[in-house]
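To keep things simple, chains are lettered A, B and C as they appear, and every chain counts its residues starting from 1.
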């Protein structure tokens, strides 16, 4: 399926439906470039074949990662902005397995599993940048004047 | 209370406030029919008297269910489309009990408990259908051209 | 940083970016007053230095609280209305620690930790009030006619 058929223009932005094997971050990046999205907020849910979460270690200035397979993602929340001329995604997610126990955190990556992942994207009209906050080593979304 | 007083038209769609005994899927179905919603994305939170989650078993091609009582639903994410001329809802949810441990998954049903459930519905202007994907036995939201 | 630089007007409402030490409820209250928001729905995610959840005890008619530190909030869902002339916030949230296990419930308060918290606010154009439902001792969002 071509990239364009994975998304639909809506009054508020875009609706994205991903299927098995699709990479969430790659698809959001492609959409941001294709539609030249100044900035956006998104929510999503669906089935992840593989999902990686991270918890930020401020001493190491990096994320301690963990990867889970076959999770029903119950909620993904994120924003889309730009950094160094490229789309910059920040997202968190939570999801459960067959025992309905859930785990989650900062989303490092997600590949859709058997089934689908539906993402609703609300587009904003101001171009926003993410910049690294030197004091903490993490990227922060900058609003105009901030 | 009449059905119409459970929802409010907003610039982006509808706001729904359900109270004890209301069935989330029945109310969303009634709204989709009443307002002739082409398709929509929704988010919700509130108190569930009874909530059922499912985890899809691809061998059985059905959901293994589990039911929980009195859960503070911290997040519900879903979409509304059509299938065989009837509203078709797909939603996931997560919620916790008095120990603040949470569980969640694909939402099979939810009846509101003592308190309320608030749902925010963003309406899209393209009529969308869900169709069963024969290879996996699950319904997939179809975008135009897909 | 001044309050105004923490929020950006978007086509659908506002985008808020909070940083370390910011109090989520205080910032939402200030925005509601400053922008005279009739009512709104919001979603958020980010890093909480301290977050308090409550589970409603209907006998005591109050929340049993629990406080967690340094949680990656994976999802916050809430609404903004008015009560006795003041902004009234109702929100639920869920988040995880370094082990990616998550906990959540009714949100009693949240102070941002090292990093940021991003909140997307969809503004509605009808002024809504929350009123205490005497029979259960909890505040309920009232829609016109309800």
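In this text, a contact is a pair of C-beta atoms (placed from the backbone, for glycine too) under 8 Å apart; a residue touches a chain by one contact, two chains touch by 3 or more.
Here the structure is a predicted model, which is why all the values come from computation and not from measurement.
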item	value
Cα superposition angle of subunit A on its copy subunit C, in degrees to the nearest 5	120
Interface composition of copies subunit A and subunit B: same or different, split at half	different
Centre-to-centre distance between subunit B and subunit A (centres being mean Cα positions), rounded to whole Å	22
Touching two or more other chains - residue numbers and ranges from subunit B	12, 43, 75, 94, 102, 122
Of all residues in subunit C, those that touch subunit B in their complex	12, 39, 41, 43, 53, 55-56, 58, 64, 66, 75, 77-79, 90-94, 102-106, 122-126, 128, 136, 138, 140-146
Residue numbers on subunit A that touch subunit B, as the complex places them	1, 4-8, 10-12, 15, 17, 19-20, 43-47, 72-76, 94-98, 100-102, 114-116, 118, 120, 122
